Each structure stands twice: as C-alpha cells, then as structure tokens.
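Chains here go by letter, A, B, C and D, matching the order in which they are written, and residues are numbered from 1 within each.
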Amino acid sequence: MASDQPKDWRFKLHEVIYESNTPAGKAFDVGLLIAIFSSIIVVMLDSVVSIHLKYGKLFNITEWIFAALFTIEYILRLVSIRKPIRYVLSPLGIIDLIALLPSYLSIFFIGAQSLLVFRALRLLRVFRIFKLGHFLTEINFLTQALKNSVRKISIFLLTVLTITVILGSIMYLVEKRENGFSNIPESIYWAIVTITTVGYGDISPITPLGKFVASVVMLIGYAIIAVPTGIITHDIAVASRQKKEMPESCPSCSREGHDSDALFCKYCGSSLFK
Amino acid sequence: MASDQPKDWRFKLHEVIYESNTPAGKAFDVGLLIAIFSSIIVVMLDSVVSIHLKYGKLFNITEWIFAALFTIEYILRLVSIRKPIRYVLSPLGIIDLIALLPSYLSIFFIGAQSLLVFRALRLLRVFRIFKLGHFLTEINFLTQALKNSVRKISIFLLTVLTITVILGSIMYLVEKRENGFSNIPESIYWAIVTITTVGYGDISPITPLGKFVASVVMLIGYAIIAVPTGIITHDIAVASRQKKEMPESCPSCSREGHDSDALFCKYCGSSLFK
Amino acid sequence: MASDQPKDWRFKLHEVIYESNTPAGKAFDVGLLIAIFSSIIVVMLDSVVSIHLKYGKLFNITEWIFAALFTIEYILRLVSIRKPIRYVLSPLGIIDLIALLPSYLSIFFIGAQSLLVFRALRLLRVFRIFKLGHFLTEINFLTQALKNSVRKISIFLLTVLTITVILGSIMYLVEKRENGFSNIPESIYWAIVTITTVGYGDISPITPLGKFVASVVMLIGYAIIAVPTGIITHDIAVASRQKKEMPESCPSCSREGHDSDALFCKYCGSSLFK
Amino acid sequence: MASDQPKDWRFKLHEVIYESNTPAGKAFDVGLLIAIFSSIIVVMLDSVVSIHLKYGKLFNITEWIFAALFTIEYILRLVSIRKPIRYVLSPLGIIDLIALLPSYLSIFFIGAQSLLVFRALRLLRVFRIFKLGHFLTEINFLTQALKNSVRKISIFLLTVLTITVILGSIMYLVEKRENGFSNIPESIYWAIVTITTVGYGDISPITPLGKFVASVVMLIGYAIIAVPTGIITHDIAVASRQKKEMPESCPSCSREGHDSDALFCKYCGSSLFK
C-alpha cells in the first residue's frame, strides 16, 4: 500500500489507460475509439481512386500522425503495467501490435503498398468499446455458449465441406467445362455458393440434369442450415442455465465481472457460491 | 363523473378516435386504415411513369384530399385529448406528424418533388391495425423478447461489421481493381452482400484465391446466422416464462393489456400478483 | 350393427377408399398416389416444347384417361359415404374437386389452354400419403405449433412489409430511374428480394449511397430472420409440452389418432385424462 | 486369452488398423487421413486444364500409387478382422469399397475417364477423423437429434416441394416462355432457387404480376425456413434431455462411448442405470 514516487504515476497511468471507471479513463477510451474509427475511414477513403488523387498527400500525413499516436499509446501501455510481457502476449496485446506493424513495414518494403490495407486490422481494437458499455456479462455469456458449440459446429462444417466436394465433383461431370464448371475446385466453389444460399449466379447450371442436381443441393442447404442454429440455440440455453446458477456479483463484496467458470471472487477471494 | 358540456363532446370524440371498443370507434379505425392504404397505393402508382402520364393530375387532387383528411384527423386528435403535448411527443404522435409533413413541405420547396416519396412513411401508421385485432399481448411479448436481446444482438452486429471490414479489405488486396473490387468501401459492400447470403452477383470474385476467400466468407455467414437466431429464441423463451408468471388480466377487475413490467393494475390499482 | 345389402357394399367401398388399414385400402391409396404423380409428370413433360411436338397427342390421350379415372374416383367417394355434402365441403374434398375442374373447363373454353397448368393442383392430393405412413401425430403436432404462431408470424410479416415499402421508397429516391429502380413498386420488389436474402441481382444499387442503404437492408434482413425462427421454435416447444400432457392412445381402449385439443376418446368416449 | 501365433499378429494388426488408442494406431489413422486428403487434392488439381497439361502424367502415376495403397489397406482390413463380411457390409466398409472401385473400373472402361471424378467419394472416409478427436459423443448426440427429426423434416420437405411445383406452374402461366420460364420443370427450378433464397438470377420475373408472385414466393421461403430450424432445435433439446438421463461413462467400469440407446455397458455388461 505504501508507494514510492514512480509506482505512483505508473498506477495513475494504468488507471487511465487500462480502466474506464474514472472520468480520465473514460475520456481516454472514447478518444482511442475516435482515433481508431478515423484512421479506418482514412484507409477506406484513400482506396477510392478519385479521392486519393485529390487528398492522397493529406491522407499520407494523417496516417503518420495516427501511426505515431498508436505507437505512443502502445509504449505507454508497456510502461504503465507491471508485467509488460504478459500484455504483449495477451490477445488484446497481439491485436494492438498487429495494428501497429503495417505502417512501419511499409518503410522497409517500399513496394509493399498493399500492406497498408492491413491497417484495417486496427478495427479489431474496436472491441474495447464493450469495456465502456458494461457488455462484459453478455460477452462472457455468448463466448461460453459458442465454446460449448465448437465441437458440434466443426462436425457440421466438415460434413458441409464433404457434401460440397462430392456434389461439386458430380456437377463437374454433369455440366461440362463449357457451362462454367471448368474444373473441380471451381465446381466446389459453386457448390459452396449454392449450399450457403448465397447464389451469385456467376456460375449456374444449364443442362436439365444439372438443374436437378442443383435443386437437390439447394434443398440440402435450406434444410441443414437448421442444424447449426439448433446447436447454438441449445447451447445458449445451457449456458444460460449455468449462468443462472452462478451469482453475477460476489455475495461477499458484491463486485461483478467474474468469469463464467470462476469458483471464487477474483477481488476478495471468498466463494461465489454459498 | 359530473361533466360540463364541452368535456362531454370531447370525451365522445376521444372514444371514437382513440378507442376501438364502440362501433363508431371501430368504424373510424377501419376508415383510417383504408385511407392510409389508398394513399400509399396512389403514391406507388404515381411513381410509375406510364400511369403518371395518364392519371398524374387525378393523383395530385387525390393526394391533396388525403392530406386534408389526415390534417383534420390530426387536429381532432389534438383537440379531443387532455394533454395534447403528450400525444405529439409520443411515438405514434411523432409518426402521425411525420406522415403529414411531406405534403406541406412540397408547397414551400417547389422543386422538392422527391419529398413526396416520404408519404410512404404514412404506412407506419398501419400498426394501429393491431389495436383492432387484439394483438397487443403478442406485441408486448415480442417487444419484451427483442428488448432482452438488444445488447447481445448489437454485439453480434458489431462483430459481423468488423468481419466484413477486415475481409472486405483483404478481398480488395486479393482481387484487384480490375475485377470489380474498385475500392475498400466497395469491397466491404461485397462482403456484406456475401456474409448475409444475399449474393447479387454484381461483384463476384474471379481469381482462384479470391474464390477461396469468398468461400470462407460464405461459410462464416452460413454458420454465424445461427447466433442471432439462438439469442432471440432464448430470449423469447425467457420472455414467455416471465409472462406466464404475470397474469394476463387483473385478478381484481379482470381488465387486460398490462405492460410486461407492470406490478399493479393500471385500471383499478390493485396488485396484479396475489 | 345389422346391415342391409346396399349398406354393406357401401361400407366395404368406404373401407377401400377412405381407410388404409386393409390390404385393399392400402393398394387403392398407393395406386392413387401413382396416378397423381404420373399425371403431374405428364403435365410437366407436356410443357417442354420439344417433347410436346413429339408426344403431344399421346399426352392428350393420357390426360383424358387420368381425368376419367379421377372422375370415377370422385363419384365413388361421393357414393360410398353417408354424408357426401360434408366430404364435398371438407378441405380434402375441395382439393379433389379443384383438381378435377381444369380438364373439364378446357372443353368449354377452347382457348383456355392455360387452364391445363392448374392440373398441377392435383399435387395437393399427395398429402394423402401421410395417411399411409402414420405421420398423423407429427402433422397434428406441427399444425398445432403453427396455429400457435399465426398471430405472431403475421405481426412479423406486416413489419417486414412495412420496412420493405419504406426502404423501397427511399431507394427509389436514392438510386434514380436510370439504375433500374424505375418506380416504387419495382423498388419494393427489390427490397423484398434483398431483405429475404434471395438477391437475384436483376436490380442492384449502383451509387455509393444506394449501396450503403442496401447494406442496411441486408443486415436488417439477416438479423430479423431470427425472429420467426425464434417464434416457431418456442411454439414447437409449447406444443410439445401440451402433447406430452395428453396421452397418445386412449387409456381405456388404447386407440390412437386423437386431436390435440381432444378431452375424450373419439372411439369409446371415455376421458383421455385420468 | 491364450493365443496361437496367427491370432496374435491378427490381433496386433487389428489394433493398429481399427483402433487409435496405441501410438501405432494413431499414426496409422493420421497417415491414412493424409493419404486421403492428398489423393483428393490430386483429383482436384488434375481437373484444372492448365495444371493437367503440365503434370498430367505425374498425377497419373500418383493416382496409381494411391490406388495401390488403398487396396493394400482394404485387404489388411479384411485379413485382420474375424468377420470380414460384416465389415464389407457395414457403412464404413461400403464407403471404403466405393472409394476403391473408380480406379479399377477405369481400366476396363477405357473411355470412362469421367469415372475418375468419383474418386472424390474417398473424402467420405474422412469422417474417420472423428475417431481420433473423441467426437463420438457429439456425433451420437447429433445423429440422435436428426433421427428424431426425420419424419417432421420429410413432411416439411414434401410441403416445400408441393409449393414449388404449384407456384412454379403458376409462374409458367404468368411469365411466358419468352421471359425464361420456358417450361414447367424450368419454372419449378426457378421456384426452388427462389424459395430456398439462393437466387442465382439466371431466371427472374420480368412482368409486374410475375414480380408480385415472386415476392410471395420469397416471403413464404423466408418465413418457412423457420420451421425446420424449430423442429431440429426442439429435437436437439429432447435428445439432450435423453442423454442427460444416461450416464456418459459406465458406473461400474467407467469406460465411455456407449450408444445413446444402450442399457448395459458394452465393456463390462453391468447396467448403465442404477
């Protein structure tokens, strides 16, 4: 509890950067979100030829200002935390780093203009918004339900992929190369477009037999979409029941935000269950 | 209970305009619905060039008759209620006003023919139909379920938007400008068209790598549609359980139509729960 | 129980035509299904120009044989039942009559070749197949669930229609006539194509603002599909609970096939619930 | 328990080929999966004209090596099991045989290059992967839920097919041959494309009445997709309740992997329920 000088400013900085309970912390987070969105909008506008020709130079300068800002922020994050390595290796830390890299890589690889597109990855940082909006309970809840579903959903996706490979190969046989099904990977692409009910129409069956097979693919796609829905609906209900059994706030210190698999309060250490 | 003369006609008018229990009230509501639908159909037909050339003048006159009718109705609504300001600021009151404005604005802004299209907003008034059909319980029930879902659905939509921005940017890199992905906003539009399984086909991938990325987008879209469905299904079940615990009609006066969060009867004031 | 001669053959005929417990009854139903499917396939093939030119006359003769067969069957149905009026006015009776009419109407209205297409309505009779497969319990169950959903689904459909009318009108404003949105009904058609995620691509937005509005329509369509699903899933669960409380077979005489709202056995009259 | 020499190597072979508990068994399964995937990728690449021209001969040789490997594997499977007939007639055995045949048939029917496409059926063997990943419980669970749904889903599919036949025939009447609806089967294909919300756009309505009918088809398709989803969601919940009542591991010997309809442990024979 006794704190020497450097620990003190570090603690304050930590509160501003990592927490959002204080007015300063909230302002920092809101400012960060505005910077992220602005920088994404610059990337988007810069990709439009007519706008790039007019404002290209301005965008270039803006981009470097953003890069500098995010770099300073990243350094502050490293400085204000006790175990910076942990932050660097945490999911949010990795995202923060990935969002920084493209700007710097473009210096060394001058031709690598294409790397600039990866600045769109900065948008991933937008999920910090949920910290502001007290959405953590809902996020934990949804994450739990999706975790429960992962195995069943992957069985479902493997089945769908197998169906598309086999039906795609059959369509390659039925409709010939002339009708757009020019090879098996192309036919599988068509089968995925069809079974997911996207249906671009860039490739579509022309022969009567091909149309019959396509109808079967569509009806399969139409019927099996029900399976992942059923799985996730079920797992949301299960996660909801689990959540209900767990108190949202600690019965001892009444603080919230516990993980769904927590047994003890992470603030006061007392049992979350009576 | 003792009522002076003016209060009396106002009360009767209120009964006709705002209630639908009496024959006159029902007739008023049915007449209003017919007027709304007719005026919408006139707007639609007037937009068809060939019909406009033939009947344009007739439609113009009809339109002003409708505008006059709806204005009179709006004034009567204001007159027949005790706190007209409350009605004006209520959701239904705002809709009624919005539905009136376009006709009048077109006088002042003569060029603003385009404003006439906003007369379609009158259709919003059609939801009054539910008052006639005793659908209020179902509406309350669905509204409650959707309210419970709002936070989870907005997390879902933000995630989908982030995915489309990032995958759209990647597609802009993979497929070049020549293949229709002419800038990042355009690519994001494509990603939304694909992930929602709409699939117009106005922009579609051409290179093998682009088709591969597109397949991934489709499968993601196909699998994550299950998430909002699961959320809403769950929240409907929760809302249903809440409703069951609440009696539909007051146990004291047996009148219905209470809000889902009501604790006391809004007619007689006694507790809705024993 | 004592039966005179005519009653006897009528009873036997009734058993063959209306029941499917006896071998003769089963054979009659299977034969009928084969006749229905064959006649539908003839209608389909006859509509293909190249096949019509070759076998048109043969199809014409086949068609009249089917018409004769179905007429005889209809008469037998009338004769073998005690209250023929009831059958004529029952849903199945009306379908049987509608399936007969097109053939005869084409005699009187010689130009009305188009009426022949209505012979496809015969396919409606195919639902008799479920009598054979003991699907009645499942059908009753699904019908009950859908009945519970009717009001909520109609609120949903009215909401979707209102959204499409308003968004269609806005798109008519945003994208001009030149871009395919030639009038409001056309724009509404586009909005329905988009919100249901069908996405033909015959009309698609061209201006940036139009693409933005379209993206909003798609995301709305993508998110609200969850609503009817949630409603029906919930009502299936409710119908299932109701069914569980009701015994499938009568506890007194153990015969099955009771309506979901039955309180007493329709065969022996004893209560279905203890 | 006492085993003569031949029984011994057969038992060991069985353990390697059919089980995946031992390191050797696991390695065998992983190797098999790699071989299957490689052979599928060769089939895919071979169908691309430009790649076939370059590496066609190499692919031909690779293909024969794979055919030899899978033949040896099939023979080993027959040899290492006590009742080979049972394996041959089991679902996995039939798949293994089907995956072998195309290579050999192409020797006898030299023109039948098209048969080579059926080598894609080898992918069906990929479901062995689940044995490795301990997905058996999830697979049993999903299979059980789908089994419960079969009857209801088939009622649903028959209803959808009837709707598409009737609406397809009506569209053939409304839109004439000139607009792409050239015959009834074609119109039914269009109806399936539309009701499943695929929407290629290769055939789309042109007349106002046609567009109106199409809108109805789309809204029907949009609303009824909810039905199979509701059915499967419900049956997953039912299957989950059934599963919960059954212990996952035997209460006597604690081994897992019992079928969902098992009453006794298949390893020690004691009752799975107390």
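As a working rule, a contact is a pair of C-beta atoms (placed from the backbone, for glycine too) under 8 Å apart; a residue touches a chain by one contact, two chains touch by 3 or more.
Keep in mind it's a predicted model, so treat the numbers as computed, not measured.
*Asks:* Across the interfaces A-C and B-C, which one involves more C-beta pairs in contact?
*Replies:* Pair with more contacting C-beta pairs, A-C versus B-C: B-C.
*Asks:* Since subunit A and subunit B share one sequence, what rotation angle in degrees maps the C-alpha trace of one onto the other, as a multiple of 5?
*Replies:* 90
*Asks:* Of the pairs given as A-B, B-D or A-C, which one copies A-D, with over half of its contacts the same by residue number?
*Replies:* When the residue numbers line up for over half the pairs, the pair is A-B.
*Asks:* With chain centres defined as mean CA positions, report which chain is farthest from subunit B.
*Replies:* Centre of mass proxy via C-alpha means gives D as farthest from subunit B.
*Asks:* Give a one-word verdict, same or different, on whether subunit C and subunit D use largely identical residue numbers at their interface, taking over half shared as same.
*Replies:* Mostly different residues form this interface, as fewer than half of the numbers used are common to both chains.
*Asks:* Find the geometric centre of each of subunit B and subunit C from their Cα atoms only, then give the gap between the two centres in Å, rounded to an integer.
*Replies:* Each chain's C-alpha centroid was found; their separation is 31 Å.
*Asks:* Between subunit A and subunit C, tell me the centre distance in angstrom, where each centre is the average of that chain's C-alpha atoms.
*Replies:* Computed value for the inter-centroid distance: 43 Å.
*Asks:* List, in ascending order, every residue of subunit B touching at least 2 other chains.
*Replies:* 156, 185, 188, 197-201, 225, 229, 231, 233, 237
*Asks:* For subunit D, which residues count as touching subunit A in their complex?
*Replies:* 40, 43-44, 47-49, 114, 117-118, 120-121, 123-124, 126-127, 129-130, 135, 138-139, 141-142, 145-146, 153, 156-157, 160, 185-186, 188-189, 192-193, 195-202, 225, 228-229, 231-233, 235-237, 240
*Asks:* Show which residues of subunit D lie in contact with subunit C when the two form their complex.
*Replies:* Touch residues, subunit D against subunit C: 151-152, 155-156, 158, 162, 165-166, 168-170, 172-173, 177, 182-185, 188, 194, 197-201, 204, 208, 211-212, 214-215, 218-219, 221-223, 225-227, 229-231, 233-234, 237-238.
*Asks:* Per the contact definition, I'd like the list of subunit D residues that touch subunit B in the complex.
*Replies:* 197-201, 229, 233
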